[in-house]
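Presented below are the structures under discussion, each in the form of structure tokens.
Below are two complexes that have subunit A in common, paired first with subunit B and then with subunit C.
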Partner chain A sequence: MKSHSKGNFHQTAAPLLFLLPNILIFGTFIIIPAIQGLRMSFTEWGVFTPVRFIGLDNFKELIADEVFWKTFSNTLVYSFFTVSLIMVYSLALALLLYRNTLKGEKLFRSLFYIPSLLSMITVGIAWRFILGDEMGIINYLLRQSGGEGVRWLTDTTLSMVSIIGVSIWAQAGYYMVVLIAGLQAIPTELYEASRIDGASPPKTFFFITMPLLKSTLLVVMVLATIASFKAYELISVMTKGGPGYATKLIVQQVYQVAFLEDRMGYASAMSIALMLIIALFTLLQFKLNGKEQDHE
Partner chain B sequence: MSKRKVSVFLHYAILIVLSLVTLLPVLWVVLSSFKPQSELFRVPLTFIPKAWTLENYLSSLAAGNFPVYFSNTVFVAVVSTFITVLINLMAGYALAKYIFTGRDLIFTIMIATLMIPLQVIMIPIFLQLKGLGMLNSLWGIIIPPAATPTGVFLARQYLVNLPDSLIEAARIDGAREHTIFFRLIVPMSKPIVATLAIFSFMWRWNDYLWPLIVITDNRRQTIQQALANFVGQLQINWSNLLAMTTIAIIPVIIVFLAFQRFFFSGIAAGSVKG
Partner chain C sequence: MKKLCVTLMLVMLAVTTLFAAGAKEDASKKDVTLSVLWFNDGNESEVFLKTMDDYLKANPNITLDLQIVAYNEYDQKLKLMISGGNPPDLARITTNTLSVVVDSLEPIDNHVQDIEAVKKQYLPSMVAFASNKDGKFVAYPTEATANGMLVNKTAFNNAGIDVDEVSKTWTWGEWETIIKKVLAANPKMKYGLAVDFTPHRFSTIMYQWGGHFLNADQSSINFNNPGTIETLKWFKHVHDAALLPKSVWLGSENPAELFQAGLVAGHIGGSWNINTYNKNVKDFEWKAVRMPKGLINSSVPGGKFVASFKGSKNQAEAFKFMAAFADKTHNEIYSRDTFNIPSRNDAVVTYPSNSEDFKVFLEELKVTPAFTADEWKNTNLSKVTTYIREQIVEVLLGNITAEQAAANVDTKGAPYFK
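Moving on, here comes the complex of A and B:
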């Protein structure tokens, strides 16, 4: 019999067999494609054109590509507003619902979670129906009350505002659940102590709740940021990136260039750029959080 | 009213207003799907249908391939869920209860793949699936996303806390490793199996990007794909679209209502995200 340590079992064959399906799938569908994608970014590659190695040409073209930079800045704008507003709104919801003291709290939590159950395609369809220029209910109500219809999805600025608003509506419930878990993990003794010391509610919030919730907030920020950089479905249903390029994000552009223009090498270079942006932001957020904690 | 009563009242008032903002859009879509075409855009708009009808549902089901899309999606979601639960539980078990060279490295690499979203590697994945002959096959949507870092993480997290003594006792009795897994570990893992199953079903049911990459053949499409195509047409038949959207929403709502507690505990345990 083999030796035991901490109750675990030393063996290689059995665990590797248990891991085999996952290793095969991760290898075939994530790791090899990731390496392949990097390789492709240095080539001219299309389904109907021969593959040709062209060094850094794709990246040079990318730097001069106005459409790419437009989608790049759109992505940053979309991401910045979506993530920060989601954090504020889901934290507000969580603060309203974490105490387990009010009647009906569980019911409200479930209600707020419902949009997170829906696919982004159905969310997009619902809101396109609601925000339609001529026939949407919102514009109908605006006209009814004497105002004028607003071009929610066809105005260059408003379309981005609408996309951001709907993204928040669709995802806040999910992050609310994460934050409620974080809030409930804070020991109640701390709140009692601060009450005995006579601290006002805002003081308690800023000096007890916020510092102890920081790691949960970081998780929310990182997840919401990655999700915002990946956004695709909602936009393809609501605006198709339009009007013009007003709501087109990098992912839309990658799909367009790769599959509709058949320039897979160039689109791979864009994907690498997107990957770097995601990695950079995630790292930055972790760094920022680490630094703040050092000061305490 | 006392100060406390006022604050409770305000609390409820805010919650009610916000939940209306959350729910009315969904209700508006669902209720509108029961209006006859003539009523859908007739001014003045009505919130509750004046003449309830199922005609939009009947015509969506009769026209085109909608029943095919629906059964494709059911097949993909159910089979995926079974495979996802099995292989991720196996992987989580290997990482939680064995010691072997490279264990921590494998775990780290699996978790690190969370940082590589599908959106970033969809081009090479498309070529990979093409090379493997999996394009236009439902297996192309089932197999690749079945192994999930989140699934491995949750399973490992849960299994680490199971007592080793039971496994050791089984070994001393001469049970083989796979027997221990299927006869002992699987029955003890019901809560995590339920959580994984629910999330996997939801992810696959709502998935759009995998089908978009893998499927071009009209008869192999899933519901989400069909909806996206429908909304991309120049003239949208809103009555039918709203009925189809409602059909696409119902299964996830049912799953949610039936298994609510697993949703919230699952999210809290690992901040689950497909």
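Moving on, here comes the complex of A and C:
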């Protein structure tokens, strides 16, 4: 009886105790602010004005807010292209650089990884110098060679392309490292067996590498999706969300409404909507992955 | 023995506590660290410290904890400090910031004997900006600012145009003709004028065309008016005609950099650019000229201030410090070394150079209608300015008409004035 209760303690309470510091941090900095945010979304208040409960009015306004939906669709476009291209690009880099057999592999890994160590503000400033219309390096070189400058940051479509490109450049190195770890965890015997069986490289990739890398790819996809929905600094520095609303994402709009228009309640409602969207996409990703694993 | 030990410990504890309390009380009387929140347009923090060096030497118990924040993040940082109950002892603030935090500022009235005598020392527009809705004086003006036009004089000379002469009476229509000649004579120069990417600078031209943001008694937003619509149309026209670079309003490129690179013939910006260009421009001759006339001539008055807050920890010392910083001697030194227009009536500043440029900005201020200051100190207007900027860009992109933009701004702004 005594040993049974001791076993229970080890199995239930002890792990909980070990997790307690993390649970406390998570609760203090994530759960409580999220609950507070939800509460604020039902109110009208500014930094210097008293709080007034207004029920669902903020959410009703949100449904009719054209700028919010514009930033919402921008966020979806940005996220879709950033996440999918990051996955393809970082997987390609990882496949090239995971074997530890090529000369200079470590150097290239470092080179591709370095951008992910920089703050997005630094990245944004650097790329503004490169892509600026009048003062940018690329346009300077184009004009020097007799060509026309390209409106990287002032054309409504190209500005989004530029932002997506820079985001991929800045983040792919990090995901490359995650995928390299995933690739190196795949048993080499499987590749040897497939080689003996005469499998072609594409078949090996699709029938061995991809299935065994799926859980790592899911992690990359979820992390990249969450990061893309929260992208703020890079866009603020590079385009300020412009031209017009062309590159303005929900997070920029939340910041503007909260701190420039001083509408904390409405900004909280936007944040709650954003949180729900991220949660929905994450659940969807897990669900799809779960279904595929069931089929296997 | 046990009792003796306990008694001894209690005595020691009491003595230690007494000493500690005494030391704390003594320190509060002597050493004060004033927390100062600051931002820079140019070299202001450096000059501020240099200007107040004599005060700090005369008051060795005062030290400054100067925190310099980028202007982009300044308002947010200050608002969070105030709302978190931890405002700085004093902060440098602009007219924009002042309109947002005005209710949190500690009135100077509570710290001086004769507030009217204090107010009389400063330019009337500065006093208007620094007065709250109850008429209390809430900030010491440190420098006056104005929007104006700085031109590449060399480029005008190359076109055989005496910019000093033509700018005395030119209209925007005449400016367009002249600037086309200037561009033709300077193949490397691409544009005629760069206007800062802010509604504040846009409003300079808007006021000249008879436009406004608010109605006459400031009780509601009224961006949808003929003068403003006319300005929006003109602004689109000059962008489409490549007289103004699209990269500033569509790509947030820095107009001061374009001017310094010799890519634009003129720049409508703040008076602090005199300081920047004085230091950086070596390749060509530049100067301040009067802006072309629309229906009227106008600038936009502005200024910088220092203020303390309700709940600041060292208010008494902060007010003594601010009063010293804003006195005649210190204001003259600070204005001279930062190349700014002094905020005081009695200040006599001899700048090492560019005195004529400052005169031009002062002349612009003199003809500026008084309502422009009232509009820019309106707290509610500050909540819509980012939206106004976005709507102007939408017009430039051709996504909406000037009329639609003006109507959208009024719809967006109306709830703030209820």
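Keep this in mind: the second predicted complex is superposed on the first by the 264 of 296 C-alpha atoms of A that agree within 3 Å, B and C clash if a C-alpha of one lies under 4 Å from a C-alpha of the other, contacts with A are read in each partner's own complex, and residues count from 1 in each chain.
Heads up, the rule we're going with is that a contact is a pair of C-beta atoms (placed from the backbone, for glycine too) under 8 Å apart; a residue touches a chain by one contact, two chains touch by 3 or more.
Just so you know, these numbers come straight off a predicted model, no measurement behind them.
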{"item": "Touched partner set for A:183, first subunit B, second subunit C, both or neither", "value": "neither"}
{"item": "A:163 touches, of subunit B and subunit C: first, second, both or neither?", "value": "neither"}
{"item": "More subunit A residues in contact - subunit B or subunit C", "value": "B"}
{"item": "Touched partner set for A:235, first subunit B, second subunit C, both or neither", "value": "neither"}
{"item": "Which superposed partner A:213 touches (first subunit B, second subunit C, both, neither)", "value": "neither"}
{"item": "First, second, both or neither for A:25, with subunit B first and subunit C second", "value": "first"}
{"item": "Subunit B versus subunit C as contact partner of A:135, first or second or both or neither", "value": "both"}
{"item": "Which superposed partner A:87 touches (first subunit B, second subunit C, both, neither)", "value": "neither"}
{"item": "Doubly contacted residues of subunit A, that is, touched by subunit B and again by subunit C", "value": "135, 240, 259"}
{"item": "Of all residues in subunit B, those that touch subunit A in their complex", "value": "8, 11-12, 14-15, 18-19, 21-23, 25-26, 28-29, 32, 41, 43-45, 87-88, 90-91, 93-95, 97-101, 103, 106, 109-110, 113, 115-128, 132, 143-147, 152, 164-165, 167-168, 171, 177-178, 181, 202, 205-209, 224, 227-228, 231-232, 238, 241-242, 245, 248-249, 252-253, 256, 260, 263-264, 267-268, 271, 273"}
{"item": "Complex contacts: residues of subunit C adjacent to subunit A", "value": "75-76, 79-80, 82-83, 100-101, 103-104, 190, 245-247, 249-254, 257-258, 261, 263, 382-387, 390, 393-394, 396-397, 399"}
{"item": "Contact set on subunit A toward subunit C in their complex", "value": "47-48, 132-135, 151, 153-154, 156, 159, 239-240, 242-245, 256, 259-263"}
{"item": "Sites on subunit A touched by subunit B in the complex", "value": "4-12, 14-16, 18-19, 21-23, 25-26, 28-34, 36-37, 40, 93, 96-97, 102, 108-115, 117-122, 124-130, 135, 137, 140, 144, 169, 173-174, 177-178, 180-181, 219, 223, 226-227, 229-230, 232-233, 236-237, 240, 251, 254-255, 258-259, 264, 267-268, 271-272, 274-275, 278-279, 282"}
